[in-house]
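Below is one structure, written out as structure tokens; comments come after it.
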Amino acid sequence: MKQYLMLTNEELKRSWKIIISVILAMASIEILIIVGRVIYHERQVQEYMSYAKLSETDAIDTIGKLSYEQASSYFIYIILIGVALVLLYAVQIWYRDWLGESKYIYRLLLLPGSRAKIFFAKWTALALVIVSFIGLQWAVIQLSYVIFNWMIKDDYRAKSSLGLSRSLKQLYTMNLVDVLVIVMLALFIVSFLFMLVLLERSYRKTKGLLFVVLEVIAIVVIMMGGVYIIETLDIFLSQEISAIMIALFVLYFIYTIWKSLRLLKWKISV
Amino acid sequence: MLEVHGLKKRYGRKKPILEGVSFSVRPDSITCLIGLNGEGKSTILKAIMGLVPVDAGTVLVDGEVSREKIAFVPDLQTMPGYMTIGDALLYMSDYYPDWNPKVAEELMGLFKLLTTDKILELSKGNQAKFSLVLGFALDRPYLLLDEPFAGIDLFTKEQIAWIFSSHYMEGRGILMTTHEIVEIEHLIDRVVFLQDGRIIDEHDTEEMREVYGKSVQDRMREVYQR
Amino acid sequence: MRKFKFVVILAVISVLTLGIYTVFIQLIEESDFTVETIKGDPKQPEVRSVQAELYDQGLKKMDYTVGLDGRVQKKTENLISGLFENPYEEKRAPDDFRRFIRSDYVTMLKQDGISYATGAPDNNKWELQYWEEGKQRVVKKIFPAPAEARKLGKAEVNPYKRIGNLLYVTVYDLQTEVGTELYKIDLESGAIKQIKLPVTSKGKVTEVSLVGIDGETIAYSTTESIDESDATNDKLFVSNGKTTQRVKGLKSFNTNQTELSADGSKLIVLEREMKDFNWTVYDIKTKQIKKHSMDMPLVTDDFGLGEFTELKDGLIYTANRLDDGIYNVRVIDPITDRILYEGNIKDKLKREESSLNGLILK
């Protein structure tokens, strides 16, 4: 347990600078978006006032007031970039051990004890990064909301309570169960990527890529085959279908981890 | 005794790298694996340490299937790039219950290495010496070394060679691969000749010299120039 | 600490930030609905099972079901519970009934707490299953399809209404998509009899829809196409088993909002278009038409919604959004214009985000 936590710490230590940079960059961009939208909206009203020779109230009526929802509507793009970076990290966290001037993979595979801790250390590092990102994004939403209210003039503001754009509402549903589901889905994708990387690293060149392609095909076949069988049989109630889907998901999730551990123990090659 | 039995490895349908390699390493001795480039010497060491999978074969250490009595010094750096020597030593003491900090300190002094030095900024010779520190400071009866003398200057070679005749060797069985036979021939107790994935010859060096009147180099020429 | 520094930092960040999120969720205001009765007794039979469905569109999505007696039920969904919710599947029904109604060829009717499901798996037989809420027993019957129905292509058998021991079903030809036949099934004897719906039309009748049944009185509408144009003509008929009369004098009618009165002597045609709230009563015997209207102070929400009106069992049920988070609910006797019940559902917090889904009339 102690070694597993130390290894997790080591993984995070190696990426610390990048993680901080990404967090700061994303937060800064999002706050700048809010500031920019407020300033732009104000400028729009002022320009319209002079162009159409209207009073401020009339100009605002025409252009419309600005809500935090509207001002933060581009956040989703920043979040998607964050998601892409996390997926990249899930792949890089393995490959960096093989590439470069030193080969840390030797050191990892030579450590005493079970190799499973290598896998779970990297997995936990990703989990911590994912959960932190979700939490920090919420903190930035709150902070940017405060900045929004502080910057915008009362007459220009559409609503006083915090509202989220439709895309942000999908992520922040005000339900903690949903956060857990999102994290689980994310970790499933991470586990799947881990398995693909370990497959590639266990077999040479074409054989490795072949196995990767086969695994991708397998998951597509399982998903579509499952849907096809359920629809053809047409005997299941929707709750039963949901239960089957969840069971398949859990089983496949376990499979990706089991397979990865097996590859790490028996097949991996430096 | 470190025993290797029937190691086999092939990549696809190509010529096998190892075809049933069996040999043993006695405690308190130095065994040298000799072969031309690409004969599979490194692969044997990595296979023993579980760093590459094999198709068949077993490795026994004093009768047990356990790698935790073997220390391995590969021919490249294995610590993360940002680490200083001090970081690396802390790393080893964190993870290895059989890490001997006293030996590490002594060897560091001997090799004149500083804990504040960044590993990847060291010269090749110092990197090689530091790798040896990481290997010798583990209290393990067997030590594997992959090309410990590769690409380093004469003076450093002599320093490293000195280790193999020092008290740090007491009770250890060493298995190494090297091309630099001349400098250390006098230290080697046994040679194992590898060709085409097979062991074609093995001798105790003392026997080879006294009975056949041949040096290891002579025997190498005989074996590989046939 | 050196060995776990970064793990601890990220773990603390995760806990703190998710903690902030949790606190925020807890502090979100939820609507507090109360019901103020203005007229009538909420416990009277026509009113007591009526519930208003309100929906919170704010950050925390919440469904509220408000009974006119003041009882409020709150429901919120998450991704997992959403997977297991299906409004079309009769959660509380026994499993075999639920599997039956899943079939493509089966349609359902709910009346007085009993769910009736019928369907024709092939041309030769009809299946019927029904189940009473709260009970586990499902009544299952299979009938040979009546001779007239066998002539159709693929038939869809829809339960329409139960009166006494008779279950009236409409049969629709899915292949030709023309016409609807009416049958009554005697639930005791199993006898099936067709009830003819005579139509007088010049053009091709593309649809026949039932409007109401009361004993021998049957009201139905037909839609016919006019020559080669896209235009259609709707006609309304009332039959008493012996004679059929065409209802004339109505400007327009919507089959969904047209019903026979409770005693079967009148036809009620409801018209609701935002603030315009009108209905017409047609006396079947005297053929007299009387128009009615009522003022409705409707204030729609941001989505243009806020009104729900339905004609059921001879009464008009209407819910309308007023200003200040108030929803006015009325139950009106369309023949006498009498308001049987009126109440105001109030949200103490006057939240803008709530909206009216509709009324549940059981």
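Labels A, B and C are assigned to the chains in the order they are written; within every chain, residues are numbered from 1.
Please note the rule applied: contacts are C-beta pairs under 8 Å (C-beta built on N, C-alpha and C of every residue); 3 or more make two chains touch, one makes a residue touch a chain.
Given the structure is predicted, the values throughout are model-derived calculations rather than measurements.
Asker: Starting at chain B, figure out the least number of steps needed to reach chain C through touching chains.
Answerer: So the least number of steps between the two chains is 2.
Asker: Most central chain by CA mean?
Answerer: It is chain A that sits nearest the middle.
Asker: Could you tell me between which two chains the number of C-beta pairs in contact is largest?
Answerer: So the chains sharing the most C-beta contacts are A-C.
Asker: In whole angstrom, what separates the CA-based centres of chain B and chain C?
Answerer: Chain centres of chain B and chain C, defined by C-alpha means, are spaced 83 Å apart.
Asker: So what's the Cα centroid distance for chain A and chain B, whole Å?
Answerer: Centres of chain A and chain B (C-alpha means) sit 45 Å apart.
Asker: By the touch rule stated above, which residues of chain A touch at least two different other chains?
Answerer: 6 - these are the residues of chain A that touch more than one other chain.
Asker: Residues touching two or more other chains, restricted to chain C: which are they?
Answerer: In chain C, the residues touching two or more other chains are 3.
Asker: At least two other chains touched by the same residue of chain B: list those residues.
Answerer: Residues 94 of chain B touch two or more partner chains.
Asker: Write out the stretch or stretches of chain A touching chain B in their complex.
Answerer: Residue positions touching the partner: 3, 6, 10, 14, 100-104, 106-107, 109-112, 202, 204, 207, 266-270.
Asker: Please output the residues of chain C touching chain A within their complex, sorted ascending.
Answerer: 3-7, 10-11, 13-14, 16-18, 20-22, 24-25, 28, 58-61, 76, 78-81, 83-84, 86, 89, 95, 98-99, 102-103
Asker: Quick check on the complex: what are the chain A residues that touch chain C?
Answerer: 2, 5-6, 8-9, 12-13, 16, 124, 128-129, 131-132, 134-136, 138-139, 142, 161-164, 169, 172-179, 181-182, 234-235, 237-239, 242-243, 245-246
Asker: Flag every residue of chain B that touches chain A in the complex, lowest number first.
Answerer: 11-12, 46, 49-53, 68, 72, 74, 76-82, 91, 94-97, 119-120
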